[in-house]
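Structure provided below as C-alpha cells; questions to follow.
The first chain written gets the first letter, and so on, giving A, B, C and D; residue counts start at 1 in each chain.
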C-alpha cells in the first residue's frame, strides 16, 4: 500500500494531521467558552509579533530541537526513547556540575565543557536502558519511563542534599558565576545596533541549528547512520550485514541521550543559570511530538520545534491575556501526538486509496517485472 | 455429503482481489466436486493462498461470487465459512503457541460461556476423532512443545472438530518429510472416502499426481487451467505453471574439486530456548564444487548458514582456507566473515538480504558498507554506490533498471537478482546460498543457477541449502542430508534418488530396511521441531 | 497598575496563595482599580512570568514565597524602575520590598490552644515542604504546647522535601491518620494545599485541627479549633495601596502579632470549641509576647529548636 | 515498631494499593488482549477529575463514579480507535492520552470551577464513606476503652476493626476484582479468546472470532477499571480533584503489571508491595536499615527501580503476551 508519493508522506500528511489537531484544539477552546479565532490571534501575536515573542519562541524551540533530535535519532534505530525528560534532567546536572565546579574565566571556555558535561550525563542516563534493551531485551519504552521517575528522584535527592546552598530554603544550586553566562540574542543584536527584547534566547540556538545539521550528516551521510537506519528497518537484516545490534542500540541511545542532555545548555546555562528541580519543563515529552511531526528528519524536527516553541510562547501569552490556562498547550501537544503519531492511519489510508485510484487511471502496473 | 454428486461442493465465479497495487487474483473461476481431492499448483506469489483465504472468509474479494453446494454463499468472515462447513489449514499455522492442544481446538467453537464443560466435551470428541482418523495427539500438550507435524494434525483436528466437510490445506507438505507427507495423504484419502471435499495447495507435482482427482493451475493471479489429474503429466503441468517449457535440469560440466576451502568439525549450536539446533556437524568443502544440503525445513540448515555467515554464535571448529574462523565473540560477526572471503545469499531476502525501504543503490552496499571503495573520508560516497548499482543492474538485467526504486518495489525475482549481484560480484572464496530461487520466476531461476555454476567453474566453493530436492539434485556436485541437527549422510547426485534422500531427511540411515511409518514418526516427534 | 504572581499550588489553595489573592481582590473592590494577575505552573517558569509582569509595566510586582528569592535576585536589577515585593523572604535589592511574618509567635498561640484542647496529651503537626520556614512554624507550635503542658507529646511530620509537598492532600491525609494512631487528637497543618487533606482527615476521624495562613475554620465547622492566620492579604493590599499612594517603601517589613500580621482566627465556626478559659490564656500570652515578656524562639535564627 | 503501627501501615497500604490494583488489572485485560496500555495514568486522571467534578456538582458520589467511568471509557475508546481500528502505534497513542488527560482535566476544571484547576472539596454524600463491617465499631470501642483504663492492649483486634473493616466500597471492589479477573480470564470462553488474541490474533480470526471486537472489549474493560481507580482516588482516598493527582500511579501500576507477569493474583501482591512502599515512605521521612539512612527519594523511586530490575530479567523473566504492541494487520 506504500504507493504514496514522497511529498505526500513528508509534507501533506503531517500538515493534515496538524490541521486536525488544531481544529480539535479550537473546538476545545470553544467548549470552554472562549473565541478560538481570538485565541489564535493572541497566540500568533504573542509568539511572533515582537522580538520579545520571537525570543521566547526560539528559546523554547531550542529546547525542543535537542529533545526532538534525541527522539528522532532513536526512532531511526526503531527505538522509542521516552526518556528524553530524564536524560535532559541528568544533562542539566552535568552542565551544573561542570559550570559550578570549575572557575571558568570566560563563557567561550565554559560552553564546550558544559556541552560535554550535559551530553555525557544525558548519554549515561540513556546507557542503562540501552544496555538492558540490547543485552537483556528489556522493553526500552518501559525502562526509559522508569528512568524518568528515577532521574527526578535522584535530582531531588541531590538538590535537597549535597547540591543545596547552605541556608537557602529552595531546592536549587547556587547561581552560576557570571563569567559563564551565555550571550543572549539581546546582547548580540545590541552589538549590531539592533534592539531585541529581553529574552533568554541565547547562542544555544545556534548550537541547536548545528546539532540539526550534524544529525542530518550522521543519519544520511555516515556509515553509522547507514547502520542505524538499516538496523531500524530490520534487525535480522542488520545481523546478516554484520551490523552489531548491541553496538547500534548503544550508540543510537547514547547519541539520543546526549542530544537530550544538551538541552540543558539552553535551559539551565542559558536561562535558569542554576540547577532547579524541574528544569526540563516537559520538553523531553514535547520532543516526541516534534520528532513525530518532523518525520524524524532534522529539518522537519527544526520546523516542528519552532512550531512548538511558538505554541508554548503563544500559550503563555494566552494564559496571560485570557482565562485559558497554559494547559491548553499540553492539550494541543497531546492532540498533535495523537493525530500525527497514533491516528496517522486515519488520514493515510484514505489518502493512499485516493492516490491509488488516481494512479489506476493509467495502465495498471503488471505484477512482476520480467 | 448427501448432496447430489453433480452439484459442485464449491464453485468460484470471477473472483478478483488486489492488495494495494498488487493484483493477487484476477477474475478466477473454479469448481470442485464433492468427495474429491482438488489440487492447486502455481508458483510462489501466484495467488493461491489469497484465493483460498477468500474462500475461507479471511480476506474479502473485490469482486466475484462464491457458491457452496450450488447455493450462493456470503462469506464475510471465517465464522461464516466455518458455518458453511469449510475448514482451512493455513500455510503458516494459526495456533496459539502457549495454549494446549485442547484449548486451541475449542477456541472459537466453545459450547457456552463457561470453559470447563466445553473442554470436557471437546476432550471426548477429540479422542473419537483421533481414533477415526489416526490423528493421535496429546490434548494437554502445549503447542510450542510439539513438532510441526503434530501442529499440523492439530490444525486438521481443529477443522474436523468444527465438522468441516470441505477442507483446504495450504502447502501442508512444505514442512514435512516425504514419509510424513505420505501419512498425511493417507489421512486425506480416508477423509475423501468419508465423502469430504479437499482442496490441496502444493508446489510439488509428484503430490498432485499421487493424490488429486483434478488439478487447477495458477499463474500470476490468474487461473490458467483446470484438468483431470489422470489426463495430464508433470511436464505439462510445469509448462502451464510457468507459461513455457521448463528445463528441469541445469546444464553443467562435471566438477573439478581442488583444495579444501571450508572445513567444519563438531559444530554445535544451542538456541535461545536451550534447544540444540546443530549437534556436531562435520563437513568439508573444496574449491570448484557445489555442496548441496538437503533436508526438511527446520532441521538445522538455517542455523548452519547463519553460523557460517556470522549471524549466530556456535561451538566447534571452522577453518577457511586453513585459517580458523572465530565462532564466538565480537570477531565472529558477519563483517569479519565477509572480510575473510565469504559471501552469503541469505534464505530470506526480505528479512535478511535487503532493507526493503532502502533504495536499490543503498542496498548494493549492504554488508559491504564499510568497504573503502564506498567511503569518502568519514562519510559515505553515495555517488559511488549509485554508479555501482547501475552497473550491476545492467549486468544482471534487473528490472526496472532504476537504482532509485525502493527494494520493496521490485518483484521477488528482481530482488533476488539484486542480492545475487551484490554477493557474487564480490568474487568470494566461499559462497553460502540459501533457497536461491524461493519465490523466483522460472526465467530468473535459470539465470541464477547459471551464475552459481559459473562461480563454481571459476574455482570457488559453494554451499547450497535448499528445501527443493529438485534444485539440490540438479545443482549439487555432492549432497549432504541434514536431519535434526546432524548430517545423516552424503551422496552423489548421480548415485541417489528422491526416495533415498527422503528417507535420510526423515532420519533413517539404514536405507535397505524398509522402515515402518511409526518408526519414522517416532523419530520425528521427539525432535521438537518448530515451524521455521 | 500593580501585579500579583500567584505561586505554585494555585490561588485557591485555601491557604497561603488564597490569602494573597483575597488581599488583591479586596484592594480591587475597595479602590475600583485593576491589577494584573498570573499563576505559576512550574518552577522553571518563574523567571519568564516575573519578566513578563515587569515588561507589561506592572508596578509593584508582588511575588509570593521563598522560592522566588533567587529568581527575583536575578530579575530585579534588570528592571530598576519597577518595584517588587516578596513575601516570606528577604531579597536585598534596592527596588525590592521584603515582607516577613513572625509565624513562630502565631504558631505559639496555636500550640497553646492545641494543648488546652487535647485530651490525650498528644498533639501533632503536619508541615509541607521541609524548609526552615516550616520548621519555624513547628517550633513555635511546640513551644506553645509545652508552655501549657510540659509533658505533652508533639508529633511532627513533614510532607516532603520538594515543592510538591505543598500540594499532596493524599499524603497529608495519610500522615494525619498515622499521627492519630499515635494518639494525637489535635493536628496543626502548615502545608499549603496538602493541609486540605490533613483537615479533611481530621474531620473524618473526629479530631480537632488547626488551619494555617487563611482562616480555614469554615472548612470543617465543629472540628476546626482555629486557624493561624498569616495576613498575606494585608501584605499584598498594603503593597498595592502604598504604591497607589506613592509611599511604597523598599526594605524589610516585619508583620507580627502586634500589627496583627499573624493571629489566631475566631469566628462562628469555632466559637463552640474555644471556651473562655482557653481564650483568656491565649490572649494573656499574646499580650506578653507583644510586650516582650515571653520570647518565642525563632527557628530560623539559629536553625534549631529548644526542646 | 509495635503491632498497632504495623497494622496502621498495612491499613494505609491497602488504601494506597487500591488505585494501583484497579489500574493494574485494567492494564492486565488490555495487554492480555495484545493492546499495550501506557495510558493507564491518563485514564485514571480523567476519571478522577470527572468523578470529583460531577460529585461536587450533584452531591452524589454515584453520579460521580458513573461520570468518571464514562470519561475513562471514552479515553479507552480513543486508544482503541487509534490502536485497533487505525492500527496506530499503541505506545504513542498511550503517550498522547496521558498528555490529553493532564491538560484537559485542568482546562475543564478551571473553566468549570475557577479554582485553579481543582474541584471543590467533596463532603458528605459526594464522597465514598468508610464501610464499617459488623462488629468493628464495638471492637474499636473496646480497644479505646482499654487504653482509657490505662492498660496497654495487644492490638490484635485492630486487624479487624482497622485493617479489614473501615475502607470505602471501592477498596473491597478492587480486591474482589482479583478473583473475578482470574475467573474471567482463565475459566470462561471470553477469557480464552481474550488471551488468545493477545498471543496470536491470526488464530482467533481464523477461528471465526472477531479480533477487533475482542480487543475493543478488553480496552473498554480497562477503561472501566481505570475509571474505578480514578474515582477512588478523587472520591475515596482524597476529597476532590487536584491537578495531576495520579502522580505517576498509572506507571507504577504498569510496573506492577510487569512485576506480576500479567497474572491477577500476582498483581494483587505486586500492588500491595508498591502500596506498602508508599505507605512506609509516607510514614517515615527516612528509614534506617542496618545503620544506613535511606532517603525518602529512594523509597519513592523504589517501584521504578524494581521494575527495571525485573525487566532486566534478574528476578525471573517476565514474558509479555506475544502479540502485545502490534496492531493486527490482515492485509498489508
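We adopt the following convention: contacts are C-beta pairs under 8 Å (C-beta built on N, C-alpha and C of every residue); 3 or more make two chains touch, one makes a residue touch a chain.
As the structure is a computational prediction, the values presented were derived from the model and not from experiment.
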Which two chains have the most contacts between them?
A-D
With chain centres taken as the means of their Cα atoms, state the distance from chain B to chain D in Å.
47
Where the centres are mean C-alpha positions, what is the separation of chain C from chain D, in Å?
35
For chain A and chain C, let me know how many angstrom lie between their CA-based centres, rounded off.
39
Chain centre separation (chain A, chain D; CA means) in Å
31
Each of the following residues of chain D touches two or more other chains, namely 117, 297, 332
Do you know which chain A residues sit against two or more other chains?
1, 156, 325, 327
Which residues does chain C have that touch at least 2 chains other than itself?
39, 130, 161
Would you identify the shape of the chain contact graph, picking one of line, ring, star, complete or other?
other
Complete list of chain pairs which touch one another:
A-B, A-C, A-D, B-D, C-D
Touching residues of chain A toward chain D in the complex: what are they?
1, 28, 31-33, 80, 82, 128-129, 132, 136-139, 141-143, 145-147, 149-150, 153-154, 156-157, 161, 285, 288, 292, 323-325, 327-335, 337-338, 341-346, 349
Going by the contact rule at the top, pick out the chain B residues touching chain D in the complex.
19-20, 56-59, 77-83, 88, 90, 92, 94-99, 103-104, 106-110, 112-116, 118, 158
Chain C to chain A touching residues, read off their complex
38-39, 41-45, 47-48, 51-52, 55, 66-67, 69-70, 73-74, 78, 89, 130-133, 161-163
In the complex, chain A touches chain C at residues 52, 56, 156, 159-160, 168-172, 175, 197-198, 200, 267, 271-274, 276-281, 316, 319-320, 325-327
Enumerate the contact residues on chain D facing chain C in the complex.
4-5, 8, 11-12, 15-16, 115-118, 121, 130, 233, 237-240, 242-243, 245, 247, 279, 282-283, 285, 296-297
